[in-house]
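There are two complexes below, and they share chain A, which is joined by chain B in the first and by chain C in the second.
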Partner chain A sequence: MEQLKIEKTKTSPMVDFNAESGHLELSGRSIPEDSFSFYNPLLEWLREYAEQAKEKTHFKIYLEYFNTSASKYILEILKVVKKIADTTLTIEWCYDEGDDEMMETGEDYEDIIGLEFVYSEIEE
Partner chain B sequence: MAKRQQKRNIYHREKDYLLRSQAYIESDDEKSSESLLEELKSITGNYEELLDQTVLITRISDRLQKKLDQTNDKLSVLNDQLNDKNIELQNTIDDLVKAKVGRKATTIVFIFALVLFVISEAFVEPYIESYANNIYLSLSIKAVIAMSIKPLEMLVEGNLLKTARRKRLEAISEHS
Partner chain C sequence: MVSENTHTILIYQGIINASIISDLLDDLDKECLKLNISDASRKKAFNIAVEIFQNLYHYTRDLNVDNKASNEIRSIEIRVEADSTYLYLGSRNSLKNTDIEALKKKINQVNSLSNEELHQLYKSVLGNEEFSEKGGAGLGLIDMRKRSGFDLEYSIIPQDDFLSIYSLTVKVEK
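Here is the complex of A and B:
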């Protein structure tokens, strides 16, 4: 399975999904004009990965800001990722130091998904 | 149109679910209780997903709105501070321009007074001595020259200030 790597821009986050290492990362700002076009390939990749997931999967999410449509897709992504929870899955929710709102957003996702997140406060 | 299409794409899966359920209800096929139960389970599952999304999106939007309000408040305070600083800066610039113009006007008037003094000593004084030979007349002419220096300086300074202000206005309008 090929690695999915997308460089970050002013409006879209950096994506680094590595099926070999089981390290998945999504970081940056997510306010794309067309959320569907951006997130659909990610969802397709993850659905494929979920069927052949590594024993250990580490999903790091470090978003500084995202819009409403992106929040919907992040929920969908997490629901797909939840399917690989029978392997050892870690979801690391990172947020900037003092950004309590982003931490609380992680807790909202955690409640809805029903998986425990690991929270990391990143010093600026 | 493209943006509307994009918004539709975001909810394309939910739209598909809805269309499927509508088609099921509208179909003339006989519906067994098992089939109805399956459909109900499917609709409930989709409803649960939509409810999850709604709850999440509402919470995130509220949080973002709060953050936006706080940022607006901070911006408003910063804007007020910036305006105060701008007025302060404007006053300082005005003072500096006045000082610069004042120095320039003094120099011009000083040169003018020097020229008048030379003219008075070289031409007016010998003329008075040879024709009128009146010391009071000579002193009066010199006093008039001396007294005209201050109003002259004010006049020159006023004109220079007007020119400086006009130039600054032109520079501002060019920038904007």
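Here is the complex of A and C:
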């Protein structure tokens, strides 16, 4: 399956989903005006990947900002990713040093979705 | 309330769209850097501003009275002010009188909750499947109040049989 790669913009994050390596990354700002148009292709790719996931999947999420409409789609992404939790799945939730709100948001997702995250505080 | 010793760091009046929102957010970030506001508060202000600006856009882009839209009805005002302790993120826009009660109910609800209750409400709304009519997540006001830590201050002043002027101020500690 083809790699999904999208460059970051001022309002949408960088996406690098690689089915061959099992490395998935979403990073940057996610404040798009139309979250559906941005996130729907990601959800479609992940649903297909979930059917043929590698033994090891590492999903790195490093978001600087996201708006509340994106927050719903991030939850949808995590729900799809949860389907591959019977293989080795690592969800790495990264946040800028001192950004406690972003760390707590990760904990909220962890709680809602029922998957354990690995937390990485990134020095600025 | 905004205190007397404030100065305006950002103001915009007119129709709003995605490109204007992007420019205003850049300007706000630059102004916060100039004021040496802590990174945590700058991020808080940015996140709250995103919600305010995008709410304004989503609400006013389809606003009409008897199917007649005008630039006057759709015009909004954004004003960000600062004093020695706080940033005040303010907005003003036309509000349909038929939307007043639902809005008041939502704001009064988020203002009435403790931080822990607000956090639980946030998780509950985030975790449910519904999206609001305008495509939003229904989380905007909850998120603003949660990040600010202060009550959302608002006023609604009737203009005529159809419209009122709705003003909102969200305070962020510098």
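Criterion: the second predicted complex is superposed on the first by the 124 of 124 C-alpha atoms of A that agree within 3 Å, B and C clash if a C-alpha of one lies under 4 Å from a C-alpha of the other, contacts with A are read in each partner's own complex, and residues count from 1 in each chain.
The definition used in the following text is that a contact is a pair of C-beta atoms (placed from the backbone, for glycine too) under 8 Å apart; a residue touches a chain by one contact, two chains touch by 3 or more.
Computed from a predicted structure; not experimentally measured.
Colleague: Sticking to the clash and touch definitions up top, decide whether chain B and chain C on chain A clash or fit.
Modeller: On the shared chain A, the partners clash.
Colleague: Among the partners chain B and chain C, which is in contact with a greater number of residues of chain A?
Modeller: Answer, by number of touched residues of chain A: C.
Colleague: Return first, second, both or neither, reflecting whether A:Gly98 touches chain B, chain C, both chains, or no partner chain.
Modeller: A:Gly98: touches chain C, not chain B.
Colleague: Return first, second, both or neither, reflecting whether A:Glu116 touches chain B, chain C, both chains, or no partner chain.
Modeller: neither
Colleague: Classify the contacts of A:Lys10 with the two partner chains as first (chain B alone), second (chain C alone), both, or neither.
Modeller: second
Colleague: Which holds for A:Ile31: it touches chain B only (first), chain C only (second), both, or neither?
Modeller: second
Colleague: Looking only at the overlay on chain A, choose which of 81-89, 99-107 or 153-161 in chain C hits chain B.
Modeller: Looking at 81-89, 99-107 or 153-161, the stretch of chain C that collides with chain B is 81-89.
Colleague: Starting from the residues of chain A touching chain B, keep only those that also touch chain C in the other complex, and list them.
Modeller: Touching chain B and chain C on chain A: residues 33-36, 68-69, 71-72, 75, 101, 108, 112.
Colleague: Per the contact definition, I'd like the list of chain A residues that touch chain B in the complex.
Modeller: The touching residues are 33-37, 68-69, 71-73, 75, 101, 104-105, 108-109, 112.
Colleague: Can you check the complex and tell me which residues of chain A touch chain C?
Modeller: For chain A paired with chain C, touching residues are 10-11, 31, 33-36, 65, 67-69, 71-72, 75, 96, 98-101, 108, 111-112, 124.
Colleague: So in the complex, the part of chain C that touches chain A is made up of which residues?
Modeller: Within the complex, chain C touches chain A at residues 18, 21-22, 25-26, 39-40, 43-44, 46-47, 50-51, 54, 57, 119, 122-123, 126-127, 131, 135-140, 143, 147.
Colleague: Spell out the part of chain B that touches chain A in their complex, as residue ranges.
Modeller: The contact residues of chain B facing chain A are 3, 6-7, 9-10, 12, 52-53, 55-57, 59-61, 63-64, 66-67.
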